[in-house]
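Right after this note come the structures.
Presented sequentially are two complexes of chain A, the first with chain B as partner and the second with chain C.
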Partner chain A sequence: MTNPTPSFVRLEDLDAGLCKHWPYAQDVCLTCGMCSGACPVAGMNDFDPRKVVRLVSMGMLNWIVGERWPWICTMCGKCEQVCPMGIDIADMMRAIRALRDRVKIPGILQDGLANALRTGNNLALPKEDFVFILEDVAEEMTEEPGLKDFSIAIDKPGANILTTIHNKLVNTHTEDLKHWWKIFHAAGEDWTIASDNWEGTSWGYFTGDDEAMKIMAGRIVDNMRRLKAKTLLWPE
Partner chain B sequence: MTIYSETLVIGSGPCASHVADNLAEQGIGVTWVTGNVTDAVNTIALQPPARVNRVQGSALVGCQGQAGSFRIILDQGGVRTAHGVASIIVAEEALYLPNFSEYGLQASRRVVTLSAIEAKARDVALESLIPPEARVVFLNGWRRDSHPAIAARMLAFCLRLQKISTARTVFMTGNLKVSMDHMEACCQAAKAAGAIFVKFGDRVPRMAMLDDTRVQIDYHDETSGMDFRVSADLVIVDETVHAHPSLAGIAEILRLERDATGFLQADNVHRLSNSTNRRGVFVAGGSRAVAGAEQQKADAGQVALQVVEFLAGRDRESLRTVDIDQGRCARCLTCYRLCPYMAIDISPRMTVVAQACQSCGLCAAGCPNQAIRMSDAGVPEAIEALSRIEGNPARSVPFTPRLAIFGCNRSAALAREAAFALGHKLSAGVTFVEGLCGGSFSVNHLLKAFEADADGVLLLSCHEGNCHSGTGTSHARKRCAEAAKALSWAGVEPQRIHYGTLSASMGCEFVQVVDDFVTRIAALGPLTR
Partner chain C sequence: MMSSDRAFKELFVNLKGKQGVVIGAGVAGLTAAAALSRWGVQVWLIDKAPVIGGHAIQFSCKAIEGCVQCGACQVHERAQQVSRQKNITFVPGARIVRSRGNGRLELTLAASGQGAGQSAGRFPDTLNADALLVTTGFTVYDPSHKPYGYGQFANVLTNLDAERILHATGALARPSDGRLPRRMAFIQCVGSRDHRIGHDWCSKICCGSALRMARLVQSRQPGTAVTFFYIDVQSFGRQFQAIYDGCRERIRTVRAIPADIRKTADDDMQVTYFDPQDRNATDAVFDLVVLSAGLTPTADNAVLASVLGMRLLENGFFCPHDNDTQPPGMFAAGAALGPMSIAESIDSAGKAAFDMVRYLDGGRLR
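Right, the complex of A and B next:
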């Protein structure tokens, strides 16, 4: 097997100090590889967390921002957890995402985020449909033994818990609503769901779009104020 | 015999200076010989403290006697003087040689050694030494790790350049071990200041010379998986730590062991801290490859403590007395040649000098006329005990061999204890004879065991290179071979005697070796008369 002539990156062409002021402590990396070992998508597209940290400390953003890999990162945070030097790798990944042109981020995320900003949820699901789905599943629940008196409260003021909703729960995984509803019911919890801006899956956070993230978080805060709930539950 | 009080310190640099100071502080008189090294004058400018007699520009040219009573001869510009010292410390500096050949480079205005640029930077400002924005590449330990003291200096200079000048540094190293004081902090500070660190593991970078004499370095960065190319305006090459050329002569005069690279301690686990093969002779600093200013200072303090212990006679448990029976002694000088510790005085008569003796028993075992007795040694007695065993249960059916196992007290005896502590048992019929050293068993001892009805003899001693007396274990091997020859002349299978090595921690292996030997001897059957 012949090795192709390597193409060199000339050090003169790099500005190694480009990311010097990034606050993720990337320069203390020991290259121990624990992050890559923990990462569930390490090795895909020839990338791993350690390589990303390396490229950032070399100021080589052009070699990462356009790549697919920062977008298949699941943001699980295992890399950060195992890093012996305390480098905020997942945060760094988000900063890399933030550098990409908004019209160039993966399509599904673009659409979902646009929906969320326009309608308050990633699916652009109208309010009536949302409420209908919830009430429909709740009625199914009452047919189960011991749950005859189960009911959900939408937009209830003064509840103990206001919870956000992951859009899949009112789309492809409606059955999953029942699991945590049963727990709340058994605990005798006093909880509610907002009928507007109920979306918990913040793709503003996920795509590194701080402005969008603030808007979505702001809407949830408004819900809290409006409904005067005591605790916000945001399972994301 | 006269016991002296002074200590001789040999060395031309800071380490010897620290040793002299430390000893003087302890109230010990020091004669400090700076050697015929010309830069000794530059490095030691200060007046030595009281109780230190510094003999500038002098060298050790002769030494007789043993610990406590060394008679040395110094040469100062052709004038020779005699002195008596109780102990000797060799604390000569190490030699730092540039590592150009490791990188396939030659010295030039763009390729310099660490020491050279450090020296220049002491005299002139960095700005005049390094062009603005220069790309400066540090080459540190490629195929072999650099000495930590050298790597520490490389890092410190890299940090200095990166922080104080406009230079853009790249630190290229095969490995980055930050074991010395402040190294890790230095490394992080250098990175924070913008130094680029490249650690390339197995794939060594390639060098090429550009037309304008700059050095082009192509390297593969394993972490990113990418190939990089850098054109260096200046390359700083690391150094290797070598034994000072004067050590060869000193070793010969003092009859000291040297390791493979010429430093004054054998690569032997028993040469702890600053000890050499001779009691009363110590080595410190660059003479035993300790480098780095703080490390040398610490070593100087450590050796001073050892000397204090030695002079107070507190450095060992008990002195066995070793007597040479003058009636039997033929002055063949065998013991003198055998003694690894130079503890035998030959005039006016053959005597073992107690202060220098380290109780190995090589002399007693080697004396052709058995003229040497060690108090408390026990080997002849143990062999006598072998023959006095009556109604031997080992002569049973099936045949259980009677074995004599000779073992040295630093290896086999301890391994045996370890085995017992772990709950192992040896087969019946095994008798253990403990000796001071593998070399303390003579051919006669081995053959006497057969005379005492042993069916097999096993001799176990320390691994080659790790024998406290240096040569004991190889004497043991040769004597087993001789005994085997004697056996075959007598019509006995030579396999009935076997030599092996092991260490004190090898309890399980000890049992294994004995069991294997029992099996082999059992197959041979009892020793027929």
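Right, the complex of A and C next:
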């Protein structure tokens, strides 16, 4: 798919009907630019949320679907918080991503999502390795002052909180696990982590793949039922 | 001259003994009161404030080399006209709490609470009105909830704050330290054209008033750099092009509305926006930021409309009285109907006064 920047807009391309199935009212955009002013990644590869909204409202959907821009967006939603017209810009980005041919979505997301559907996490990290990493980090923590008696309980039935894990926390950012574990410990919280399907990062969500998102969310619901946990904590 | 003008008008209509009540003594109310009085109507001009002139009397003349048609002087002229008329009674610090009757109304007054003490007991408890005009104007949007630190940062002002400072001191200095700003920014459309807060309308006057104010500041405080953040310039008014041509050479215009303001250690304002020319996220530092806060319906419109049995539009402004959309004898004019410039308010009030005269005369006058 090649999508050269059009040098002019053809009138027959301006088909608002293309967007009718999106109830986001992007055609009320006033082009004030607050979305772009609020966006943490605006300017990267010239990324400009205001232009994305305009492209969509002008019916130039096919062009934007093939572009890099929708994938630069972090979907943080700051744009729609400031939008005076209340346009759901992050939702619109997701809808644009969903229209992309699946084999053409960014490779890392394709691979991670395939891993998640096959193994329960984006890294395809085997269960033994996952449990080893958690226990290793927990042991390290007991060396810190006041945490001598810290321990984690994996797959503990009936816990108050079941928490999911962002895959980077058992990959490159293991130190970050400690921050919130310390909070749990100080609060005397009764919490647990599931050893299967623990992934909290849904690349089904980020790639606009509703079916994959449903499967991954369903597995977390299954974990809640299996472990009879009372509260789900799903940080992402 | 005034009396011969009246004598001339009395050849056509006889409104002796007719009483008109005008609610709101801003530029529209003053205009209508003066016009009604010239037709021989006994006028009661009520305002909840202790003084006449409304918003517009707080504004400065924006002339630089010549008149820029801002309209500020018009208010003073109208106020003088009103003060010269014997058949206009100004009722300050009052509001209407009850209205009875159909045709001839009996209105009950109460102290508004503004300027209390000065006016208590100074006005009658009830007034009779053969016709009534609402000229309650507007309320400036309070931008505290927009991401600009209004109310927290001393050097972020609304257009109305800036007008008041200019009017009182003749200069626009930074509230934090009294220093004259070298770098100023105007941010347009704050609280208007904003669907999220239900303000779908354009406030119409802010592009012209911000640009006029910017030019006035540049003329009084030479060397002031001005950046104007806007969506599109709304060029209402016959004289707009004349002032706009002068602005474009002297004011940097950026077609983007900033999304954030932070305060630096020096009480400067760091403004974050996406620069459409550089195609990049940009932080620019200003000494002073003026928010063009939108014109919104007056806060007590709903109460007043319900007391009088008048209709409001969905957006909270008064419904125009044309086509029998308001009860007989009840009229509305000026920015009570929606955002309007001083000149438009004067036009609107003049027409409403004539509509009232025709009504009071039984529709004979054409």
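By our rule, the second predicted complex is superposed on the first by the 223 of 236 C-alpha atoms of A that agree within 3 Å, B and C clash if a C-alpha of one lies under 4 Å from a C-alpha of the other, contacts with A are read in each partner's own complex, and residues count from 1 in each chain.
Following the convention adopted for this analysis, a residue touches a chain if its C-beta (ideal position, glycine included) is under 8 Å from a C-beta of that chain, and two chains touch if they have at least 3 such contacts.
A quick note: this is a predicted structure, and the numbers were derived from the prediction, not measured.
Participant: Superposed on chain A, are chain B and chain C clashing or fitting side by side?
Facilitator: clash
Participant: First (chain B), second (chain C), both or neither: which does A:R54 touch?
Facilitator: The first partner, chain B, only.
Participant: Is A:G86 contacted by the first partner chain B, the second partner chain C, both or neither?
Facilitator: A:G86 sits against chain C, while chain B stays out of touch.
Participant: In the superposed arrangement, does A:V28 touch chain B (first), chain C (second), both or neither?
Facilitator: After superposition on chain A, A:V28 lies in contact with both partners, chain B and chain C.
Participant: If you stack the two complexes on chain A, which partner ends up touching A:D46: first (chain B), second (chain C), both, or neither?
Facilitator: Once the two structures are laid over each other on A, A:D46 reaches both partners.
Participant: Does the superposition put A:G37 against chain B (first), chain C (second), both, or neither?
Facilitator: The answer is second: A:G37 touches chain C but not chain B.
Participant: If I apply the document's touch criterion, which positions on chain A are contacted by chain B in one structure and by chain C in the other?
Facilitator: 28, 31, 46, 50
Participant: In the complex of these two chains, what residues of chain B are touching chain A?
Facilitator: Against chain A, chain B makes touches at 135, 168, 170, 188, 191-192, 194, 196, 199, 218, 220-221, 223-231.
Participant: Using the touch rule from the top, collect the residues of chain A that touch chain C in their complex.
Facilitator: Within the complex, chain A touches chain C at residues 28, 30-39, 42-43, 46, 48, 50, 78, 82-86.
Participant: Help me check something: in the complex, which residues belonging to chain A touch chain B?
Facilitator: 6-12, 16-17, 20, 27-28, 31, 46, 50-51, 54-55, 57-58, 60, 63
Participant: Using the touch rule from the top, collect the residues of chain C that touch chain A in their complex.
Facilitator: It is residues 147, 189, 193-197, 231-232, 255-260, 272-274, 276, 278-281 of chain C that touch chain A.
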